[in-house]
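Look for subunit A in each of the two complexes below; its partner is subunit B in the first and subunit C in the second.
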Partner chain A sequence: MPIEVVLLFAWMLVIAFLAFIACTFEDLESDMGSQSNPNSQVQLAAQVGQINRFFNKAISGEPLSNAMYCVTAGTIAWILLMQLEPLVPGEEWKAAVLAIPIGVLGAVVINIIFSTTSHCGRTAAMKRFEQPIYLDVLYGHLMPIGAHAFMTTFCITCIAYIQSNIGTLSGNPALDHPFALPLLGFIWGITVGSIGSSTGDVHYGTEREFQDRPFGEGKRVVYHGKITRYASCGIRTQRDIAGFCAKFGGPCTGMTFGLIILFTNWTTLVGMQLGGFLPNLPAFTAIGDMAAIWTIVLGLLIVAALAVGHLIFVKWVRKKCGPFVGE
Partner chain B sequence: MTVTPAVIEEEAPTKKGLSFKFPPEETEMGIIAGIIGAVIVIFTGLPAVIKGVGLILVLLWGMDSVRKTSKYGLGTGVPSIGVLSTGYGVVGALMGLAVAEYGRVGQLYPAVLLGVIVMGVIGLVSGVISNSEKFIAMKIPRLERGMMELGMAGTLAILLECSIVTGSLNFNAVVNQVMNTGIIALMFIFNCFAMLHPYNACLGPDERRERTRMCAVEISGLICILLGFAQLALGTSPYGPLDAVSMIVFGAIVFAVFFWKFIKACMDEAYETVGTGMIKTIE
Partner chain C sequence: MEPVILLIVGYVVIGGLLACVAAHLLPVGGAPAAMGTATGIATGTVQIMLGAAMTGLFTAASVDTYTDSLLLVTLSGAVGATVMICVVMFMANIIYGFGAGVVPVSGRVDVDPITKEPQAPYKTPQCDGHGVPIVVFVSGSLGGFIGGFGGALMYYTLLNYAHFSAGTAAIGAISIFVANAILAAYNIRGTIEGFHDPKFKRLPYALVASFAVSLLCGIVVSLTAVLGGTL
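Right after this comes the complex of A and B.
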């Protein structure tokens, strides 16, 4: 197998690994600041009288806010790359080593600004429920939120950079992605936010809130805010929750995103290989159709395997934990 | 366990909140921002700072429309209304740019306003269809006007940002310097956030319009900083790099002043601002 093809597969694995890290930290960041899905608990708690010491980070949903951080990082990195790359001809990676972290730092500053405004604004708008602004909660959560967002945005910007230069990095510049860095950051940000929003959230969703209830049972709305009040020892804050979720929820979310990226890219590359598209892109012929057909067939096989696996798993869970309430 | 409703009677305000009352009425705001924004869009040869002032006004108008439209919801729809507005904006801006060459006089592009008007009409029609008994029948008060203003404000904002970054409204220049470079993603997402974040962040029963507006101006300042950097990197300004630097300084000042004002207003108007403390015990 030619070295270009091996390098392409290697970079694809690097992208999948970075996606795993990114989505793990994305889920933990949303738990730390109670964004998106967990936010409904925090927003509701004060309204049903459960005054809490939680951070109310209501920066829209996760897809949009992550798109914003990644676009900011991508734009700043792109501007810096444009200035720095001519200084190191032939060794453009040196410019990226400097440009990407600076861009991500800019995105983290924006994240912290938006977190501050949303926490203060939402708490001030709940005046009649007697929810005070605790300054130690405000200051104490900003740095952890920023640190988790740094990891997410850094990995995503790296993925966007690798993708927009994947041909150059693996020795065949014709394979470079046609989109610019900020646009790729936008698309990847939306994706990582969507997966982080739909998966994970074990603290607010199922594991902790319903752990003393029969399998599959819901809870009365009046008890919903209680989850924000007391921990095993003392008053609960979100710094405990990140530790709780880092054991299962975060890595689970990361694995979801990493597997999605792995399967889609792997099928594409294998399809291109089987269709005779690699290592050199031929002029557009019927051979391109063969690459697409191989990709689709492989994708369908993976989907079928996953569906069968899920079916077996759900059957096993129902057998082990008993029927749902009401069945 | 019984949870008593924690609603207390409104007492006479002891502290007067920080106010930001320019212009006081929503209608006045729409007229002023619409006219000034349209004039600044047409005159593309103006310095970036003046376009920045227009951008702040237009985004304030957009934020007002988002507030008007999503006031009757539960709060989950606020981000989607902001994105809807920017979606209208991108389509309207492309339409305006496509006809920009007609009737052009030097650096004057009056034809781009066609995109604004068309988007206003489309917004109005979608508002009427959403509210009408025959179709979706959502019956949200003043939805028609809100949707119309969303389309117009979104289009004006995108056009102003294109005009800041490229220094003109030539279709080829915009495609080369805004679309191909990916800066359109930055414009899109920050336009969304300038319109949706203020109301989303201040959502709650005690939301106050003046306080929400401070947040909108603050985010507009951030946009001015980022667009200034983009302009500096592309080097497109007819006035040289000084134009972009003045834009960055202007944005930084606006951001700093209004961020401080917003946080101070929040802390003054919250139930209590304490360094630390225990939570209220419920029997």
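Right after this comes the complex of A and C.
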């Protein structure tokens, strides 16, 4: 197999690994700051008399906020790359090593500003329910939120950089993705937030927020707002929650995004290989059509495998747990 | 009027209508699903629809670099979005099952229309179902496929008929998609399980609104292409 093709597949695996890290940290960042859907319970807690020491950071839906950070980082990095790459001809990666972290730092600063204003604003609005703004909670969570956000945005920007230069990196510039770096950051920012919001939040919302309620049942409407406020030692803050979710919810969420990135890139690359498109790239011919057909067929096979896996899992878990036996 | 303008408007309208139908098919659980109080994916309509469409768009854009067939590009977009939504539903169920000990169960029907398994005995009282049961998974997969198809169709139209650049075509397709998904979200009002949900019967109202919005978007796209000199 030609070295260009091997390098393409190697870069694809790097992208999938970065995606795993990115979405794990995205979920933990949303747990650390209580963003997204389970935050409705933190909002509700003070209103039903449950004064708490939770961080209350609902900037917006996770997809949009993450898209904002990733586009900010991507745009700064892209501008810096434009300026720095001509200075190191032949060794453009040196420009990326400097440009990407600087871009991501810019995005993290914006994240921390939004976290501060949204926590203070939302908690101040609960004054009538006697919910104080605990300054140690505010100060103690900003750095962990920023650190988690840095990891997410950094990995997504790296994915966008690799994808927009994947052809150049593997020796065939015609294979570079047609989208520019900031647009790829936008696409994966939306997707990473969408997945972090839909998958990982379940572990935080269903289990950790209501840990003193019976395990193994959906959380009833009467429980809503009555969140678990005490930790194994002392009063619970978000730092206890991120540590708990890092054991299951975070990695599961990371695996979701990692698998999606792996499958979408893998089907495309294997389709190109099976269709005879690599490494010569005879575009817009029957070979290109064949590559597309292989991509679609492989994608449908993955969908079928997932459907069968889901069917088996649902049947197994229903049999294992059985009908509801509580009151 | 040039026939290609009719083609652009027609495809944008079809893409918009498909996006609207897809949003109704997706199992949207919203905030209650994050607490295991409602069936479906634990996020809003627009957010999950957008995530799926983005993945589809990425696949479609990759495939569009080596084939010029409309059908192949749109189908690859549809499959990309379906893969995304299937992985999300499967992994969400893994967390429901192993992380919270919750059994996937539909809250809107007593018997699963596909497997004929009973739902009511497994449901927690005072909950509107929880997890992603089989009928919901099937509906969600269909939604992902239709939504991805619609998104990729709009991308292909903007790229190859209106001759926008790849980035502009992507942003344009996403924008029209979001407008239609938001219309669907208004119609859904919170949560929906899929085609078996009684709320699905409201679809015609959303389609009328979606047709109007997509038609307007198609006209704007055509005007932009004509005035911008790409057509």
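Keep this in mind: the second predicted complex is superposed on the first by the 303 of 327 C-alpha atoms of A that agree within 3 Å, B and C clash if a C-alpha of one lies under 4 Å from a C-alpha of the other, contacts with A are read in each partner's own complex, and residues count from 1 in each chain.
The rule we apply is simple: a residue touches a chain if its C-beta (ideal position, glycine included) is under 8 Å from a C-beta of that chain, and two chains touch if they have at least 3 such contacts.
Bear in mind that the values here come from a model prediction, so they are computed numbers and not experimental data.
Three-chain overlay on subunit A, with subunit B and subunit C fitting side by side and no clash.
Once the two complexes are laid over each other on the shared chain, residue contacts for A:I51 go to subunit B alone; subunit C is not touched. Once the two complexes are overlaid on the shared chain, A:R318 sits against subunit C while remaining clear of subunit B. Once the two complexes are overlaid on the shared chain, A:F179 sits against subunit B and subunit C alike. Set against each other, subunit B and subunit C differ in how many residues of subunit A they touch, and the higher count belongs to C.
By the touch criterion stated above, A:I195 is placed in contact with subunit C alone, subunit B being left untouched.
In the superposition on chain A, A:T264 makes contact with subunit C only, not with subunit B. By the touch criterion defined above, A:G61 lies against subunit B and subunit C together after alignment on the C-alpha atoms of chain A. Contacts of A:M126 after superposition on the shared chain: subunit B is touched, whereas subunit C is not.
Here the smallest spacing between CA atoms of subunit B and those of subunit C, following superposition, is 5 Å.
Touched by subunit B in one complex and by subunit C in the other are residues 61, 64, 179-180, 183, 222 of subunit A. Here subunit A touches subunit C in the complex through residues 36-38, 40-41, 61-64, 175, 177-180, 183, 187-188, 190-191, 193-195, 197-207, 209-210, 215-224, 248-249, 252-253, 255-256, 259-260, 263-264, 267-268, 272, 277, 281, 283-284, 288-289, 291-293, 295-296, 299-300, 302-303, 306-307, 309-311, 313-314, 317-318, 321, 323-324, 326-327, going by the rule given at the top.
In the complex of the two chains, the subunit C residues touching subunit A come out as 30-31, 33-37, 41-44, 46-48, 50-52, 54-55, 57-59, 61-69, 72-73, 75-76, 79-80, 82-84, 86-104, 117, 121-127, 129-130, 132-134, 137-138, 141, 166-167, 170-171. Those residues of subunit B that touch subunit A in the shared complex are 1, 3-8, 75, 78-79, 82-83, 180-186, 188-190, 192-193, 196-198, 200-207, 211-212, 215, 218, 222, 226, 229-230, 233, 259, 262-263, 265-267, 269-280, 282. Residues 43, 48-53, 58-61, 64, 67-68, 71-72, 74-76, 78-79, 82-83, 110, 113-114, 116-118, 120-136, 179-186, 222, 229, 235 of subunit A touch subunit B in their complex.
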